[in-house]
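Next come two complexes built around chain A: one with chain B, the other with chain C.
Showing the complex of A and B:
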């Protein structure tokens, strides 16, 4: 096939991800006069939290950031997936065509995704993530009159239960796997810190009919063409709840494919950054959820700090450091409170599908293997999701470390991929 | 601007909100098996954000389109269960 010459963009700062972190970084850098390009594979900027909602109905703070982004002069390329990276250069696929971005500095703001842990029945239609339910709801999924169970872990459970109830669903139960005492301590801490990121208490008030049950988790789901019934336990008693939608997820995990591909140091699943959001690699900074799960406000602060550092003006970020550190402490508490309990490792049985792309059951996997051997022997993690779902689950179930990142990190056409090999050999743009 | 569009799902005409993602529209149209897994099991959206690939459908003849990342368009021809 004919090789398309890639389009080229050069910038002072290239930002991957147009969620709160990427937007704040772009605004701060572009308003300081830097040439900024932002790439995001989604059709609109806003990230997981803002992009599904029409602007008029977003909270004022969010709207303000998006308006500043429009006015900042930053070039925003929506629908651009970054598929490969080498040093300060990125290969993206944009509108089906290859695009090479060369920049002095790169800020990775690739966000997070949900942690799914396998249990019998989790592949049934009607079983969705908690964030997944939120995303589908915002995208127009009708839930009025449906009977929903929300389960898993983390502050998102209550937020999503409230959103579902607000859209007319009957939320039968909100099952939070974290112990009641831990959740109480966490909520008490929120009262002391009025920054109230997830406003746990208010969300809870917004779900009047729902029963919020800490210390309860899903052991299985049953159904036919779709989920019909969920089995819950508190460790002593087991009972079933009829439902036609189960939203279940165990919190968020950092999206670290691109940082890992670029050689950035990863610690306990998070991208390691210094106090100015600089990674271990020169010219590469990281902001938002890849550095730890702390929510949109934290991402906004980190994005701004990263922009100042990227422009070699770290002093301008000084006033933001205290807020960022407070969010870091919040992230640590979040992680400790909602850490998945050990019982969740034993839910899947030998017949439970672990890798959904290749239908690999748990019984076919040997705990002693590691991610790479599992791929070789069973194809687990070789499907189109590239182990984004099963990889995190297997890491949790067996304490495995992630395998090397495969290029492309997002699906790309052959026309784009021919440029991947050239990315690390071709000379720098003379411009 | 109309707030409802008509799309075709497995040859059946369905009217869906114009602002909906294709995944949401298919769920609204009562689809539960977006695709068949390699062992033939029905699968439907899990993540809602483009990472699980469980929502893959054929759109206007193009296979393996993630329905959760697609916005509906008038006349879109969708085939599920592939």
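Showing the complex of A and C:
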């Protein structure tokens, strides 16, 4: 056996992820008196959407939730990545050391990641994800005076364009691939969701209307040492726009590796949950984006419902169900509006890299293979990102189903995995 | 493509590396070959293996087949495409103490006496060529002719070569039964001159009586650490771990991939076909690796998987005619040496089928030995 036993934490509720869903779940559970531990990969809670270095830069709502989290008594382990799980036990790597978490219930709030669809030039320096651009801005990337194209799909495009403009960048165009009519219908429906409407309007304020182009998408990026020019099309004509930064992303995909490892039922790429956010696995609940992309407001509601259910007090969540269901309908409209168009499947050519970790070009992949054979024959998806980027793209391009999830679900040191068996054993008496 | 189906001379069942190699040899010998697999190329044990091309001396017969096969691989090496990731890195057999170093010296004599180059390294020389190993170690046997490759890439290459020589591959074709002069696929009998059962650990399902059992193993692969590990490094005790059919064992066995990644093995378990990660075994296997190579503790693992070796009671593969059924040949039961011995197996099998004189004595691998052994034991 391993010489030193790993550190152990026990809790009533363990929460994986400290974005809005995880924070709301932690606050609700801890304020009800439960012992709560939150594991999150980032240096501080907030998730992607509330990523920050100083809280002063966050919207008031976000600050309030973070303050409640501070005061709730929940134990937040930042910088902890969950690498293996079995039943209501988790093996995490925290500060380089293994940590075994045992809990009565687990709430998975693992969030989402950006969908990248490969096109010629997408791996050039200066081409970043839309979410990536947002993160870089928050980390202080200087963009003043830079000529930027924002492209892809979804509400995040406008948000990021506005943030870039606010930081002094010249946003040449915001190319939204969804058809203009669909975007109009979506915007017209926003009155039902005043908070979102306000958000949308504010974002819009940063970008002149003329530069927001629905029904337009990027077909290629060109440049030498960095991106210099982006080719756009509306399906009829094609034109180029000079730029030195291209932020491109096609919306978000649920992060379901950990739910899948735990055996949770997945439907259409999302974790299936019941009315109270309970998954198909006993003692495992799920909230936020893994159950369907719906944004931070939906995640906050779902997190609270999950907390009530985790404490076996679902009645306390009753008042939240209507709001959650409204967000679910919103999510369905979001998905329908911004679904990537078929033309995007054919942008990449034989020389386009589809797996950056292993440097695999599209030409080496046969559409008839499936994820497993592609891995086996080309190593696509076998690099350090564990297929998180190319996996979703290849599934979209070829209608493949994802390969089964393997241990570790996030990279872990050999020294941590030596203790994997601690997941299956009871804690020793500290005598 | 001809519309009229001419029955193949040989149907090879299984497109793992052994089946692919057999198909190539038979096609080159002028037979019309059809290869069938329930899945695709190299998706079973082949995909799970390390890809260590190694001369092993557990027995005289094992030595003969592995040495012959490694020689064939080295002949083939210049023509292997990059996807095979052939790397002539050699093997280091590690001696932890003076007693093991004595064993290393005996091993050295055995190898050189049989024409396989080998060199004894003392502790200092070992530390110089693998600085990440813990010190002090007593020494090692360097076998410079050993190599590593990427098994699914190699299987795919061999099958592609077979197809170039006229063989036909049909994936997604599960063979339900082998009959005299035919295989049954989806309820229909496909006639065949001969049938080669190269179905690996699943071979007994088609040829009842073959004494092959799945022997589970775990492997872990790290992120890229170029230079951390430079040879396939195996502890001397590995041979014992492989030899003894105990319920469970682990041994230090690491391999540098061309990408700079380190592949960490190995474990052996007899637990049937359960593919789940056994965390206790994984933990012990990794602990063993850290024991020999402490720097690995901080290395990032990006994937762990399991696979099933087709194990036989005497640790030798079954290569040759299966006389219980007319026209059926076997090329299966290679345990953890199937990548290495695929080429030797295929050449031997083709020699026997076509009446050529084999380069090594085929008798020790004759599948019928298991029946005579069973009859002896009554």
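What we mean here is this: the second predicted complex is superposed on the first by the 410 of 431 C-alpha atoms of A that agree within 3 Å, B and C clash if a C-alpha of one lies under 4 Å from a C-alpha of the other, contacts with A are read in each partner's own complex, and residues count from 1 in each chain.
Basically, contacts are C-beta pairs under 8 Å (C-beta built on N, C-alpha and C of every residue); 3 or more make two chains touch, one makes a residue touch a chain.
On a predicted model such as this, the values are computed, not experimentally measured, just so you know.
Aligning the shared chain A places chain B and chain C next to each other free of steric conflict. When both complexes are overlaid on chain A, the residue A:132 reaches chain B alone and has no touch with chain C. By the touch criterion stated above, A:383 is placed in contact with chain B and with chain C alike. In the superposition on chain A, no contact is made by A:270 with either chain B or chain C.
Our angle of interest has its tip at the CA centre of chain A and reaches the CA centres of chain B and chain C; in the overlay it is 80°, to the nearest 10.
Of the two partner chains placed by superposition, A:89 touches none, neither chain B nor chain C. Residue contacts after overlaying the shared chain place A:228 against neither chain B nor chain C. Within the superposed three-chain model, A:419 lies in touch with chain C and out of touch with chain B [touch as defined at top]. After overlaying the two complexes on the shared chain, residue contacts for A:406 are found with chain C alone; chain B is out of touch.
Once both structures are fitted on chain A, no C-alpha atom of chain B lies closer than 8 Å to one of chain C.
Residues common to the contacts of chain A with chain B and with chain C across the two structures: 358, 383-384.
Interface of chain A with chain C (complex): residues 1-2, 84, 86, 96, 358, 369, 372-373, 376-378, 382-384, 386, 406-408, 411-415, 417-421, 423-424. Per the touch definition, chain B reaches chain A in the complex via residues 16-17, 19-21, 23-25, 27-28, 32-34, 37-39, 41-54, 56, 64, 68-69, 71. If you check the complex, the residues on chain C that touch chain A are 40, 42-43, 47, 83, 152-153, 156, 220, 222-224, 259, 264, 277, 279-280, 282-283, 286-287, 289-290, 296-305.
The residues of chain A lying in touch with chain B in their complex are 41-43, 48, 54, 113-114, 116, 123, 125-129, 131-136, 139-142, 225-226, 353, 356-359, 383-385, 388-389.
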